[in-house]
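Next, two complexes with subunit A in common: one pairs it with subunit B, the other with subunit C.
Up next is the complex of A and B:
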């Protein structure tokens, strides 16, 4: 028999995982996904309690949370995109130009993404004539 | 589960009165739509939107002031819109304050040229949207509205912090604000979910009544509602920039434009203080005779206030960037306001309302001077202030008045605010001693001492700027060695001098303000 406690445990676990992930991850997108996971834990809590109390207030709050989380994600992802265009990196450690005087920037030894060398594929020899390609205007 | 016809007719019967009281927010929402639609017309899209936005805010402010039928807080039981909002005198006071600040800020933005004409519609829409969210925060009477208000205020603030797209620091400020803000929103929501869970509803009155009785009656407080309350206060603490949730603030202030920093520093703080004060007042009203609440929550808040004020003041001492220094000063002032809130008494809350009015004028003025310095010298450091009084008497003297007021020197407005806060803390100690709790008397006496020592410490950095502005030789000199004039536009000079005169008047005539604040709390 699945009781209220089970739902609350799953909600708390989701929230805790999100919080831990948010505090430990370096990739912006992963950090933000973790923050979203915290919200999902909350929504699960609310819906479970709504069922338990037999009213709709928890469900209404849940709907609002989902909407607001979408707005927040939209804004944050737009910001991350502009940051990526500027720095070509999603590493949060790359953004340390504002800090206290006399505090050195934290340098991570491990790179954010391990670059895997591509396997050595066999190459085809050049044959035939060069196709004529129309010059395309670059669109950004 | 669904509302029955009786509840529905009750909603309809008060709807028109509620809508009239809600008119300022509706005007702001209409103004936002208007600003967005103006761009559709080619003739109008080249017009600076600042004036349109200022007109909208002024209209909302006059509507709010014209709402004369709100006389006592008891008129507003059980709250507007089936108890979601509480548009009483308290919220009237804070909404008026927020609208006034936004109007003044729009006037400043028009003078300092941020935003420029092309970006002005975006900027004004974000500013008005943020103000709307802050106004909802101050009148929230339901945890749902608390959450919506917090988010509606936060999302535009994130975008505003990164508004200077060409600057690397602006983007970095926005990044830090968004990431921390999202996490704090998650924690706040978890608290809200626990509180709604325990009490079965999100209505603040029901929740605080239940919590107040739980704290006052039982020896051991149940874990779940207490955890919910703590998580909720994490969210408030983030908005207030109370230690240990203050780390985002100096970085965001340094990276964002001075005008945006002023908005975050004053408006955002005013709404957060208002919301916290409302929750604390409701908690206290649930059980007015008991000192249990003050012995638990009051002492916790007093500890946070002490650390916040001390941290802010000590960290500000070593700063060289003016905006960062003002950021730490903001943290310190949040500490002073928390001192008054921690008394959990009505005169403490009234003192905080008066403090907010003074704080609005002096902090807006200080950030306005930073914006002028940025425009004229290109630097925002304390070194850029050198010889400011010789270079421009209007800007230099206004800066002196603003900083002296932030320090709390009489006869300026800041002194009145600090005096009221400290006397409220002292009174609280005496009152709790009479109520039979010597521990609390001791705690509040200690808090008073901490406040006074902190004020003395804060002289270190405020006076350093003033020494630089008044006594140091200006770096920019002409051939004969005289300081070059700063060359600020006359509009800015008039604006700054006007704010200083207001601050001086508020420091001399403050009885009407106290009467107003006291009536807002009762």
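Up next is the complex of A and C:
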């Protein structure tokens, strides 16, 4: 029999995962999805309690949370759009100039592994041999 | 199943601390970084943390298999939710992260179904499907970086973040361990043959029948309300379920039957509701008689009000028993009777959020 504790555990783990993602990732969109995952954990808790107590208050509260999540999605994406227009980047670290007074700035020490695309040189055949030419299609 | 009284808190604490530390260190390897990202080591550590978590679940809450189907489905959906959640957190590409989030939502919806919340499941799928599609549009519009980028390939304090998040989850789980009653007492002693949903179909239809009968009283006049035929038939129908004076001999009332299954929490709620209904039947018909006979002039509105309240109580009892089957209608009743203010506020919030989103995202020409 699956008890209340099982569902509460899954909810807590989802919340913890979302918290980790929200704290560590730097892409706005990923952070937003992680926050939504935390909300999913909370709704799971509420629905489990609703089942446990045999009334529907938990499910009603879950519906309200979904409403709030929808509002949050609209506002967050509008904010991201504005930030992207100003900073040309989805990086939350690009906005660290508005941090609190007295907090040290984060400086990325490790360089990114830039993959430099090799320039498109023409391929030359070995001297003295005929180049392999593609056969021309017969034209009528 | 181990007796929870014999599980020392220390063992639980070690399991949780181990799982949290393993997960934090695993995420240190898994989270994106410019170089030295070791996916294999991270995956191994994460899987072992999950193993410890499952060990915690089994030792604490047991794995008795009274119901194979829901057990298997629970583990399937729980693994899906946690696994795809991990993928979402550690994935560099935000578009792939959005796909992983879609699977997290689907798994959670499966858990909702197990928890008898089909309406919430449908709503979640619809709302989040829209949200995920919009997120996809944003990813396509805004992040067209081809190579490594600051936002995708760097993490902010991966070790500290992991410790904070998993430490929080571990604390919540430990609090859960300390506060939840042991699960073994009522699951293993579940007497075979005792229905898990104690309100039978016959009883529920009798309740609904009485409810329609009470609804007809709205349009009845004074003589009809006072007739013995009306009160007698309604009372008989109700009391055949919850027990009372006019109940036929030999019927076992809901309350007496449910005391057997008192360990099940849902049952406790139904017992309370049935007892309240039993009390209310008597008071309601007393009120009807006093309002129509003793009062001068006869107060029909008050009598009908009392009958209406009785009907609501009957519908609530009939609906709660059928939590999965009549989910939408009972949810509607709950929303629009008990939580009306909340609905209004949610609507207001949506309106304000819409206006706010338009105001924020609006491009103000060249003026700024």
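To be clear about the criterion, the second predicted complex is superposed on the first by the 102 of 140 C-alpha atoms of A that agree within 3 Å, B and C clash if a C-alpha of one lies under 4 Å from a C-alpha of the other, contacts with A are read in each partner's own complex, and residues count from 1 in each chain.
Operating definition for what follows: a residue touches a chain if its C-beta (ideal position, glycine included) is under 8 Å from a C-beta of that chain, and two chains touch if they have at least 3 such contacts.
Remember, predicted model here, so these are calculated numbers, not experimental data.
A.B. asks: Does subunit B (first) or subunit C (second) touch A:101, or do both, or does neither?
C.D. replies: A:101: touches subunit B, not subunit C.
A.B. asks: Which of the two partners, first being subunit B and second being subunit C, lies in contact with A:55: first, second, both, or neither?
C.D. replies: Touch status of A:55: both partners.
A.B. asks: So, A:32: does it touch subunit B (first), subunit C (second), both, or neither?
C.D. replies: both
A.B. asks: In the superposed arrangement, which partner chain does A:13 touch: subunit B (first), subunit C (second), both, or neither?
C.D. replies: second
A.B. asks: Scan A:21 for contacts with subunit B and subunit C and give back first, second, both or neither.
C.D. replies: The answer is second: A:21 touches subunit C but not subunit B.
A.B. asks: Which of the two partners, first being subunit B and second being subunit C, lies in contact with A:86: first, second, both, or neither?
C.D. replies: first
A.B. asks: Which of the two partners, first being subunit B and second being subunit C, lies in contact with A:70: first, second, both, or neither?
C.D. replies: So A:70 only meets subunit C here.
A.B. asks: Going by the contact rule stated at the top, is it subunit B or subunit C that touches a larger number of residues on subunit A?
C.D. replies: Touched residues of subunit A are more numerous for C.
A.B. asks: For subunit A, give the residues common to its interface with subunit B and its interface with subunit C.
C.D. replies: Of subunit A, residues 15, 18-19, 28, 32, 52-57, 60, 64, 68, 71-72, 75, 79-80, 82, 92 contact subunit B in one complex and subunit C in the other.
A.B. asks: Could you please specify the touching residues of subunit A with respect to subunit B in the complex?
C.D. replies: 11, 15, 18-19, 22, 28, 31-32, 35, 38-39, 41-42, 45-46, 49, 52-58, 60-61, 64-65, 68, 71-72, 75-76, 79-80, 82-83, 86, 92, 95, 97-101
A.B. asks: Inside the complex, what are the residues of subunit A that reach subunit C?
C.D. replies: 1-10, 12-21, 23-30, 32-34, 36-37, 40, 43-44, 47-48, 50-57, 59-60, 62-64, 66-75, 77-82, 84-85, 89-94, 106, 108, 110-115
A.B. asks: In their complex, what parts of subunit C are in touch with subunit A?
C.D. replies: So the residues of subunit C touching subunit A come out as 27, 31-35, 53, 56-57, 60-62, 64-67, 70-71, 74, 78, 81-82, 85-86, 88-89, 91, 94, 97-98, 101, 104-105, 108, 111-112, 114-117, 119-120, 123-124, 127-128, 131, 134-135, 138-139, 142-143, 147-158, 160-162, 164-166, 168-170, 172-173, 176, 180, 183, 187, 190, 265-270, 320, 323, 327, 330-331, 334-335, 338-339, 342, 346, 349-350, 352-354, 356-358, 360-361, 363.
A.B. asks: Report the residues of subunit B in contact with subunit A in the complex, numbered from low to high.
C.D. replies: Residues 1-2, 143-144, 147-148, 151, 155, 158-159, 162, 165, 168-169, 171-176, 178-179, 182-183, 185-187, 189-190, 192-194, 196-197, 200-202, 250-251, 254-255, 318-320 of subunit B touch subunit A in their complex.
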